[in-house]
Amino acid sequence: MTHSGRHFLQIPGPSNVPDSVLRAISYPTIDHRGPEFQELFSHVLAGMGDIFGTANQVVIYPATGTGAWEAALVNTLNAGDEVLFFETGHFSTLWTGLAEKWGLKPTVIPGDWRTGADPDKVREVLAADTDHRFKAICVVHNETSTGVTSRIPEIRRAIDESGHPALFMVDTISSLGSVDYRHDEWKVDVTVSGSQKGLMLPPGISFNAVSQKALDAHKHSTLPKSFWDWTEMLASGKNGQTPYTPNTNLLYGLKEALRMLNEEGMDNVFARHQRFAKATRAAVEAWGLEVLCTNEDEHSPVLTAVIMPEGHDADELRKIILDKFNMSLGAGLSNLKGTVFRIGHLGDLSDLTLAGTLAGVQMGLQLAGVPIKQGGLEAALDVLKDK
Amino acid sequence: MTHSGRHFLQIPGPSNVPDSVLRAISYPTIDHRGPEFQELFSHVLAGMGDIFGTANQVVIYPATGTGAWEAALVNTLNAGDEVLFFETGHFSTLWTGLAEKWGLKPTVIPGDWRTGADPDKVREVLAADTDHRFKAICVVHNETSTGVTSRIPEIRRAIDESGHPALFMVDTISSLGSVDYRHDEWKVDVTVSGSQKGLMLPPGISFNAVSQKALDAHKHSTLPKSFWDWTEMLASGKNGQTPYTPNTNLLYGLKEALRMLNEEGMDNVFARHQRFAKATRAAVEAWGLEVLCTNEDEHSPVLTAVIMPEGHDADELRKIILDKFNMSLGAGLSNLKGTVFRIGHLGDLSDLTLAGTLAGVQMGLQLAGVPIKQGGLEAALDVLKDK
Amino acid sequence: MTHSGRHFLQIPGPSNVPDSVLRAISYPTIDHRGPEFQELFSHVLAGMGDIFGTANQVVIYPATGTGAWEAALVNTLNAGDEVLFFETGHFSTLWTGLAEKWGLKPTVIPGDWRTGADPDKVREVLAADTDHRFKAICVVHNETSTGVTSRIPEIRRAIDESGHPALFMVDTISSLGSVDYRHDEWKVDVTVSGSQKGLMLPPGISFNAVSQKALDAHKHSTLPKSFWDWTEMLASGKNGQTPYTPNTNLLYGLKEALRMLNEEGMDNVFARHQRFAKATRAAVEAWGLEVLCTNEDEHSPVLTAVIMPEGHDADELRKIILDKFNMSLGAGLSNLKGTVFRIGHLGDLSDLTLAGTLAGVQMGLQLAGVPIKQGGLEAALDVLKDK
Amino acid sequence: MTHSGRHFLQIPGPSNVPDSVLRAISYPTIDHRGPEFQELFSHVLAGMGDIFGTANQVVIYPATGTGAWEAALVNTLNAGDEVLFFETGHFSTLWTGLAEKWGLKPTVIPGDWRTGADPDKVREVLAADTDHRFKAICVVHNETSTGVTSRIPEIRRAIDESGHPALFMVDTISSLGSVDYRHDEWKVDVTVSGSQKGLMLPPGISFNAVSQKALDAHKHSTLPKSFWDWTEMLASGKNGQTPYTPNTNLLYGLKEALRMLNEEGMDNVFARHQRFAKATRAAVEAWGLEVLCTNEDEHSPVLTAVIMPEGHDADELRKIILDKFNMSLGAGLSNLKGTVFRIGHLGDLSDLTLAGTLAGVQMGLQLAGVPIKQGGLEAALDVLKDK
């Protein structure tokens, strides 16, 4: 079936890429060993430092986010190292699995997939770890599978209070550029991120922001590495260079995306995401449906995961909405398959596109025979119109 | 103020241009005297014949629609000729004014800007014109200023019944590609059109579709002409050529737009426009507001003009909506300035973008303090979801 | 046959459009009645004033150059007016024909298609015209069919010396942005131009630059006009508006092209065109072929027309070059058909692309069996490398 | 300094990206978990199989070529494995270094950086390796630093004759799509490749083509891996899926590039590269300069490395050419720094752009004061014009 008009890409990433970013990535490729590239790369490295909130090092990989997860671990740890993970959802679980594949020993604090990593639990576990067996603590800032954020500053405080020396690693793949984040202020050691969410780019670039403490660990890390190795990356980066071929055209887009974010102002960007999340929750609640996230302090500004009422399949709903209204929504992942759908409200998004999105969800729910109450969309508009 | 996300261009033209058309017009310009251009131009000439519903001649001008109005008149008429116009709104009035500037003598059947050209009136006027003073009858198919269509087949029947020999000229600038239209079947002599509405292109191309009878009149027409002259246009066009420089890049876009329209199927395209118009009227009526068009048979599938309640200024509403929600709506023109706003629902448009559009109108009305009833947007969704 | 790599568009216009201009015209169309358009249009009007060298009025038409020719005449003259034309080639002849179609009475000073309009002849003819029958003098600045420029300042001086009141109209369609031009300083009354040559845009925009004297004549001009009418154009333009639909997307490109020209600096742009013309003539002469232009002071910086030796057909050569080397060259027009080919060296062009162009011509001449001497391309490189 | 016209990107990759590929990568990003992506990914997987000449498995990484080197090793080998490398130049040395970083034990057959891997040496070394210590033999098909190709079929034959079971791995990063290559026919076990050379894309995608024997080795390989792990890649790929986020927009470009290559026909593509290489060597030799490659059977169709005469610095030459003529050439790498420059003649390239390239080199050599003989460019044109 042919659809008129633009596709609504309302998954929690890749997010909608602005026209000017799309045009930017279509400029002719240049010599990445020439002066024009050096200027470009130095510019985006500096710009990403601002976005991460760090005066320390940033590494830009020509690879998608899973690679940056791997990079964080292999650059700092050693075979057999114990690592503390928190089961916040599908992505924290994937990261844990990646650590296992590399011969690390993850300890996972179990979770209910409806709340974030618990700072009190961090305090408790670290207090018990008097031998400092844990070399790293890994937390997903915004768990894309559940729409729950973890409270990084509070976790930092818990680590500090325990006096534990473990490295603190945070995955901000789906939060960076959408949710307030401060690598240096929160003393994060490795922040992992990617291009295709708050940064409004196509997928293909990923990042590590790296503290001095992480660099010190890097010196003694013996896990094998080459593509992900920080050493040459950081040495080359100082001169606006890369140790191997970068993906130049996406870097054009990154430059333009950074320009746009700065033009809007990061505080405005964060407030917009909060407002969109609030409007979305207002709709969900008015429909009489339940938001997956149960902790009022941990609602994601990036996406909202919605629980399907018993007897209804979220994937059938998504199929109806894709076929009839040409809109993609996020599926429930692993444990949540079929029981949850996810509405992305991040990146380059307007009030009216969000309104159209929620209209599509509402119509889809009706067409799927899901019993909902009147007034969901109107409740969202009540939030949106007050700005 | 910086806006996130895409602008909502919901004026009744220029309409939203599809991505693939925008990409098409950005291809490198070619030699318009070479074989590649010939193939392109022959292709779009043939394609436009299908869109007009004509096996006769089509002329493509590298100029916007006002030029095609002028072309229709100067190619067929002589100084002092009497021409019958119908005052359907702002654009019929502009066309009449253009005729006057050229020394033609328009007779205007007055109208209330809420209904189309009246076939009965045609019958009456032509019956009275026993000397056949009227050389041409000019009707605007879709009056963009009011959201009212005129019933061309019924007017044709009225002309036929009167046995009057006047040329029949129809402006389809804002209807072609959105509303069913049949140049040959309805025995129209000159159909005027443009690129930036149903054809989903940027403005810059305009058209005349020309009957044999119009060509016969052309032979005896003495109004001065060169740029608009059909003679060389048609002679060159036979060989895929143009007598002077064409605007090649927009023709790339026309080729792609024709491909898209054919892929969707014109019947589907027309039905979609009808459905969007119906949904929009459902919202307007549920809000307790009045649609300008008063004749149930003449509602435009392209746009809906809405009357502002007494004491409220439509332009203030439009300004609020532009500033807050980054959406352009059409203004009330001349007589209707401030008292009417127009919602475009044509071209490359999806259900969800229309829903977002109507959400923006609803929020704007509320913010502007216009008293509206609950349920407007919901009424529209009831229409949209039944497809 | 499939060709690898970019087409070489080395006709004397349309010229190669820079990537950034192509990307610019592919941005989404906006409401031409909104504030963003006003800003754009005011910007390009002011920028075009600089390019024309005028503090007076500029009119921008959403139509190709032939329309701007027509506009110059119909806005200032009256039926039966006598107009002095100079036969410099194909395009001066077309403009003359256009004047005739409009009921003007051209007097044509014959030419040999190898020299420009002769200032002495102007002096002579105007001296004889004691009744001031000539209402306008029309000259093509750069005759695209021959590669000959006319010396506008000297012609102006001749007019001044004769004390003749005729309007002075100059076609700069293929010179503006490539050859030094000064509308005010040279007291030109109407300068006609277009987008697809020195301005590095696709075709589709054309211009009139208008003196106060031309505006005075406009007030009394009775030729019928509407689309081309300056009155509303100038009134609207003051507010960044257009009286009817503009071709917005090409205006995006115009803004970008103006930015690029200003970045390079107009003096550098003019010098570059001179250098490329010199290099091209060096090649032609070293091949032992003859440049059409016979007056050393009148060589075009925009293109070089080359005479084919007896017994060889220029169009066959062009076909070989197009088929084998994927390069378009300009054909000989009307009188010159088959006996001349034209090499464009204008617009967005580099030394190396010109070198490739001349390499293609040289290989084509050899393949076509045209006897040429060794060393043509080398002679061009000798010019190009000294910069 | 501002340059008019397009940059000449004549490095040996990234190569010039065709306009239609650049436009393709600028289409809006889609949901990589939806049906449209599945269709796209299945399509490019199949297409890449054809390009590699394999009916076996292809893995597509969202990462640049260095990653695909790493992938080939970590998917098949075990810590401490001995691997046979051939020192053909800078890139073979980098790959060797990467193997060392991973704890493999490379044995390097030394080379003079002017010839390819020697099949006789392969025969000799493998005959001596009666214990089958070597688990893999790694050869760079086209050594981008020297412009020398290695004769893969002959090396295959040498391996076969020795009856040695080592895996055969070939880097085709700069040859695939430019030089004839047959993964299955030549019984290569892992072919490594990338997007930014013969495939005419920006950098950002890399590939492994994998034989059944390599898959068998993979099952027992214990080097740690996650991002590069074939297992999930191949499992997901069967359904047009990826185990983690792909870089979707570059895949749009890959689809278009494959379409273009197939349209031209791979045999024509290979012949074109041969012709361009021959023309380039003709120029170099006529200038009296020396091509780095000394083996007539091993000249690269992709690039030509040229030795600077004593007392002249290749990097100064490159700087002159970049500054004056806006052309990038490849530098001499490591051992060859300053003494060699490299001319890329691969990818989307025309005869005339190559002519312009060689004109730029010739002028640059003259400006740099390098003594060259007359007639270099002419010698190249003699090759180019015979097609």
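Note that the chains are named A, B, C and D in the order they appear, and that numbering of residues resets to 1 at the start of each chain.
The definition used in the following text is that contacts are C-beta pairs under 8 Å (C-beta built on N, C-alpha and C of every residue); 3 or more make two chains touch, one makes a residue touch a chain.
All figures in this text were calculated on a predicted structure; none of them were measured in a lab.
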| item | value |
| --- | --- |
| Centroid comparison with subunit C (C-alpha atoms), farthest chain | A |
| Comparison of A-C and C-D by number of C-beta pairs in contact, larger one | C-D |
| Distance between the centres, which are taken as Cα means, of subunit C and subunit A, whole angstrom | 54 |
| Averaged-CA centre spacing for the pair subunit C and subunit B, given as whole angstrom | 34 |
| Between subunit D and subunit C, distance of the C-alpha-averaged centres to the nearest whole Å | 46 |
| Multi-partner residues of subunit D (each touching 2 or more other chains) | 6, 16, 19, 23, 26-28 |
| Interfacial residue positions of subunit B with respect to subunit A in the complex | 2-6, 8, 16, 19, 263-265, 268-269, 272, 324-327, 348-357, 359-360, 362-363, 366-367, 374, 377-378, 381, 384-385, 387 |
| Complex contacts: residues of subunit C adjacent to subunit A | 19-20, 23, 26-28 |
| Residues on subunit A engaged by subunit D in the complex (per definition of touch) | 6-7, 9, 11, 14, 16-17, 22-23, 25-34, 61-67, 70, 98, 101-103, 194, 196, 202-204, 223-227, 229, 243-250, 322, 328, 331 |
